[in-house]
Amino acid sequence: MADPLLQVSGIVKRFTGVVALDRVSLDLAPGEVHALVGENGAGKSTLIKVITGVYSPDEGEVRLGGRRVEFGTPLDAQRSGIQAVHQEIGLVPSMSVARNLLLGREPRRRFGLIDFGRMHSEAALTLKSYGIDVDVREPLRSLGLGAQQMIALARAVSVDARVVVMDEPTSSLEPREVDTLFGVIGRLREQGISVIYVSHRLDELYRICDGVTVLRDGRVVHQGSLAELDRLRLVSLMLGRDMSEVRAEGVTRFSGAHDADGAPVLVAGGLTRRHVLDDVSVAIRPGEVVGLGGLLGAGRTETAKAIAGALQLDGGHVTVAGVNLRRGSAAAAIKAGVALLPEDRKSEGIIPTLSVRENIALAALPRLSRGGVVSDARIDRIVDTFMKRLRIKAAGPHQRVAELSGGNQQKVLIARWLATEPRILLLDEPTRGIDVGAKAEVQALIDELASEGLGVLLISSDLEELVEGSDRVVVLKDGTVVGELAGGDLTEEGIMSTIAQVEDG
Amino acid sequence: MTSTVTAPAEAPPGAGGRERFFGLMQRHGATAVLVLLVAVGSVSFSSFPTGDNLGNIAITSSFLATVALGMTFVIITGGIDLSVGSVFALGGVLAAYGMRWGSFAALLLPLAVCGAFGLVQGLLIARVRLAPFIVTLAGLLGARGLLLSISNEGATTYLIPHGSLLARFGQGSVLGLGYPVYLTLALFAAGAVLLQRTRFGQCVYAIGGGEDAAQLMGVPVTRTKVLVYVMSGLLAGLAGALNAARLSSGVTILGTGMELDVIAAVVIGGTLLTGGAGSVSGTIAGVLLLGVIQNLINQIGDLSSSYQQVVSGGFLAVVVVVQTYLSRVQRLR
Amino acid sequence: MSDAAVPLSRFSRFDRGRVLAWLQDYGVYAAIALLIVINVAITPHFLTLENLRTQLVQVAPVVIVSLGMALVIGTEGVDLSVGSVMAVATALLPLYLGYGIVPAILVGLLGGALVGLVNGSLVAFVGVQPIVATLALFVGGRGLALVVAGGQLKDILNPSLLSLGSSSVVGVPVPVVIAIGLTVVVMAVVRRTTFGRRLVAIGGNRTASELSGLPVRRILLLVYMASGLLAAAAGILATARLQASDPSSLGLLMELSAITAVVVGGTPLTGGRIRVLGTVAGALLIQLVRATLIKHDLTDSLAQMVQAVIILAAVYAARGQAGR
Amino acid sequence: AKSENDKQAGAQDTQGQQQVVQTPSGNTPSCTISKFGATKFDLKSGTVGFSQSEKEANPFRIAETASIKSEAKKLGIGHLKATNGQSQFNKQISDVQQLIAQGAQALIIAPLNSDGWEPVLQQASAKHIPIITVDRQINATACKDYVTFIGSNFYEQGKRAADQMVKALGGKGKVAVLLGASGNNVTTDRTNGFKDELKQKAPGIQITFQQTADFTREKGQQVTEQLIQSNPDVNGLYAENDEMGLGAVTALKGAGKKAGEIKIVTVDGTRNAVSQIPSGWISAVVESNPRFGPLAFQTLSKFLNGEAIPDKVIITDREYDSSNAKQSVSSAF
């Protein structure tokens, strides 16, 4: 192997008391695609932040091309040729797509003035090559999370870099975009650019990664070539459990069909919002898991939000158990038993300043209090139950939720909604960023909830999950329903071809 | 919505005139209210739309505007600068004090001291990471204290002699508008270019839109924030010096409460206090709105001072409600 | 709401982080202690009961206003109108004293609540940014108070109202008792009620709170009304103590004192977190600083600069809490 | 509404003691309309502008404005345009400029500050508008930049307060001073007059404490509360206005002191303060008479009629002490 391009050695990083990284070392050869795997909270993002200059390590050193480097800021790292796509995207939502893409390297005219005409056309062109066709002048926040992820990616690889670090770049991407991404990684590899790749989707790792580092509780538990490590062993290393135990569990934890019977508990009809949704109708029976399929920007997130009363609509109605919901009121929907797990947990989900405990109790407060006074005992009970049931990894219920790893934050949000004892669960990418172990748990949970009689709407960019988990999948495209698949027709290919058909016709 | 601030945002495909109209309103809500108010004023009071009167509004507003220009940058980064009123007064006193070494020194001294003041505040905010509100509140006290100690607890008022270069600049006028008005316009033009058309400006927006994200994207956050506070200090000092030149003296009792007027002007101009959005053209409109409101209250004439306050608070409420409403129509789309 | 309950076992050996965390949580208290020690050493007649009373009585209205301000700041807002609300309350009082002290106080409080209602409506329903929404009443409120009072300072002669300002309960002056009582109430509201939990959540992430079904607008409205009510209560106490209704100068610059108290006490201006006791401590700290400077007869110029430095030092000690 | 004591001193101040011109009144009258270069106009049909500096929210300003307005009414002056600077100096400058733009033919100004009138003086002299300043002087040339000044001598008031203090203390003791707002001319003059006179007349009296209480009652109370604990040996207190003095009285009462234990001397002569003299809480009050209306318009019409005007019209202020307080309290303002 050639001399390592990037050498990380003996990194220790502590946060008030918690040791997030404990003497972590890692070598990266030029052109190598290196997988960094581990459970939620294992320390992957922290390591990446150390490498990219966001954190400075308490101990240890980073060498780039043999020279020791110390980055004070991400800017220093970028100047040395280390680019990153961070887990929480790390773009500015209020700025336009083009500005986000080209911030800091805008095309300029004389006197250093930015040439907006060229900037917009360049941005549009770049994004087109990644299959993103959007108005680059619109603010970034108007896009779905998947599209934002692609933009962050395009931003990171469109400059000269020596190392590109990707922290869960595919967590919101469809198969089509994943393919685009892998094409990009292939090109980087050919140019001798190294990639550190973090993902909880194991099959992706096997498709593109050469080496692997497995982290557990901040320590390296395995390092070597990925090809030599079979999938089962990888999982057992990550989770720190026996091979046999892992083997017993399948790929996904869905049991298959549920027996949903009786009248639909939720009927949404004619949901319409200009430019976004056009006459979308969905019905869910108790005990049924209905999937929503579609490409980026198909309007799945909007559909879920519309049902939950979180989106202003131009038309349409939502009834729960025969009762019409007041339009545009999230409170009314929640009261009727509709719970929405939002896609963007950072801006729409967690309350970063509050503790795990308070985040979990938030939506269920009316049930957990009497006469406006909260009952700590009841909250403790519920929080305890869900922290155990979902295996939330935190220093304790009083730790600030912002300090949890991404996956654990997601579990906290799921707990928040389960605590309200909903009748209908709208899950927008529920397993996004969750590790294999936890993912299986969440999937099992969805199954279990459905069999307890909950109606579930499942949105997932993981097609396998969608197909395995749903009883029926409604396929959306450009804000309209273009098909519905169930039973034998419900396959990954089926969904893709339904979408493609419309495209042709 | 920063993207719409710069480039003339094209209406989305298929959008009707209605949406284009609201788009325009969102960017120029304060301007629209201003135009309305000027129209009403002109119809109601014959002595309002005269050249003299409008020239007065312009020169009076020009100092507030200069200070507000710096504040606009600060607020877009998500910060705030409460020290501007004191620094404004300090700038004036320093200018008059510096007159003993000539007009040139009289201009340089306030710029140097007030710039340094901004630098210290900026470093405390960006490097030591103290809350801008508190740092600049301390700055408000500190600058006032400095002013008092220079002026012998406010007992000494230094003068800027008639006919000195500085005084002539502060008091002269062409075409019915004072020189400071032209300088302010030039500063705003430069400010607009800096904010909208340079990388520095992009960084300012990015920091306000999300400081952590901006940091991750490689924005020099610390440097940009420090610079923004330096700018604010410089502009407040400059405005103070020019005002002193106009008044021919370093009046010590100026600037108390000015910070709130400045913040109000900036926010009415459509800049979000949470950062990430705003424009300098809006700020001009905001400043002029305040000036016109004040002028109209005087035009009404026989109001007691208490009623004047009530009316001006009421005006303010109506203006922000209308302005907020206009912007929201767009945001909801 | 200190969330520093990370189990001690997780702290490995001596830890810089631990010291920092302690400082962050208790910086204000440390600063107060330090200032008291310094005063005992250098200020004559400092350690007397009389002096303690003076400081507490003077700080009581500031504490009460700051409590309301803390609630507002917890929602990521700010209320500039508190000083004007005090003026409104003090202007209303003498007008209704003829009916007795209780109706007069109720009218004063009502005035404060109404101002809060207007503020809250502008913020919650119209969506105006808090700083400008409350600025309108900051300007207009005092004018209104002066209109109501006919621009006049009026002496207060009603003995029961006066005793509110000057009498004591078991040796503790009534204003102090009231301030302590209100502190306990606000603390209970923040810690123990759904309202309290929700208002911090709104400050932490408004979108998420809306999606979680919280009645965001209603809560915001109530928070601003609470701030108005508390400011009015402070205004009434200050009136009783001054033995005069002086709407032109009562509560001037109170908004800055209150915001400073809240922030120095460790509540970030970015919302999402409220420290009630810290706020009280912040107010005490400012009071002590001012008292020290006055007692040592510093010139105004020096006093202002020293005050600036001390505020910065206190916030530096508690940094990390004070928001970005 | 039903107030506790509806008969409290109101703004109606008709039977009050009018201003008396000091004799000999400074210089000999020398300023005439032709020397000044103004154009004559008929007061009844002309426009007169009045610029007040502070809100009419303290007895002095209330009485001053009321006096000007009622005198104008009495004389049948057609257009009196009044503005209020709300304690912001730049606002007062632009107020006056607006009055000029609105066609004021003569100006009566109660300046907030003595320096900094350059822009106004320039505009007024270009249009030959006569200016009379009341209660505070403008630092400029009489009969050239402005016609004349009518008012008290603040330095003199300070000196007279010192004389009263010497009398009350018997020439020996420790005195605390409650200063007015920092940077204010009135504060400066009343302080300097007091100190200079003490130094000269009673070296046995020491000033051991001086802190600003911003001319307000509340601050006067708070500062006094601190003072009596840190300086328990103080036996005299000079408050530069009545309000601070009354605050000090409240503080002393609250601390269980007896009337006369600390001798208080104040300046202004409001009814509230004078009525504290018989009970002994206040030892003496030096008057600063705010009823400028009659004298101002009398001077103005003399000037317009071509008579010569002195360049300073200094009024005699009364003093109240235990000998005359009871009788004169009804004529206080």
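Residue numbering begins at 1 within each chain, and the chains themselves are lettered A, B, C and D in the order written.
Definition applied: a residue touches a chain if its C-beta (ideal position, glycine included) is under 8 Å from a C-beta of that chain, and two chains touch if they have at least 3 such contacts.
Given the structure is predicted, the values throughout are model-derived calculations rather than measurements.
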{"item": "Where chain B and chain D overlap in contact partners, by chain label", "value": "C"}
{"item": "Other chains in touch with both chain B and chain C", "value": "A, D"}
{"item": "Chain-chain pair with the highest tally of contacting C-beta pairs", "value": "B-C"}
{"item": "Far-end chain from chain B, centres as C-alpha averages", "value": "A"}
{"item": "Averaged-CA centre spacing for the pair chain D and chain A, given as whole angstrom", "value": "72"}
{"item": "Centroid distance [mean C-alpha coordinates] between chain D and chain C, Å", "value": "35"}
{"item": "Intercentroid distance (Cα basis), chain B paired with chain A, Å", "value": "43"}
{"item": "Multi-partner residues of chain D (each touching 2 or more other chains)", "value": "55-57, 182"}
{"item": "For chain A, residues contacting two or more additional chains", "value": "none"}
{"item": "Touching two or more other chains - residues of chain B", "value": "147-148, 153-154, 304-306, 308-309"}
{"item": "Chain pairs in mutual contact under the definition given at the outset", "value": "A-B, A-C, B-C, B-D, C-D"}
{"item": "Chain A partner contacts - residues on chain B that touch it in the complex", "value": "1-4, 6-7, 9-10, 12, 193, 197-199, 202-203, 205-206, 208-210, 212-222, 276-277, 332"}
{"item": "Residues of chain B touching chain C in the complex", "value": "78, 124, 128-135, 137-142, 144-149, 153-154, 211, 260, 263-264, 267-268, 272-274, 304-314, 316-317, 320-321, 324-325, 328"}
{"item": "Residues of chain C defined as touching chain D within the complex", "value": "43-45, 48, 50-51, 54, 58, 94-99, 146, 150-158, 166, 238, 241-244, 246-250, 252, 291, 294-297, 300"}
{"item": "Chain C residues touching chain B - in the complex, by the definition given at the top", "value": "80, 118, 122, 126-133, 135-144, 146-147, 151, 256, 259-260, 263-264, 268-269, 299-305, 307-309, 311-312, 315-316, 319-320, 322-324"}
{"item": "Of chain A, residues touching chain B in the complex", "value": "52, 54, 73-75, 78-79, 84, 86, 89-96, 98-100, 103-104, 106, 108, 112-114, 116, 120, 135, 137-139, 155, 275, 312"}
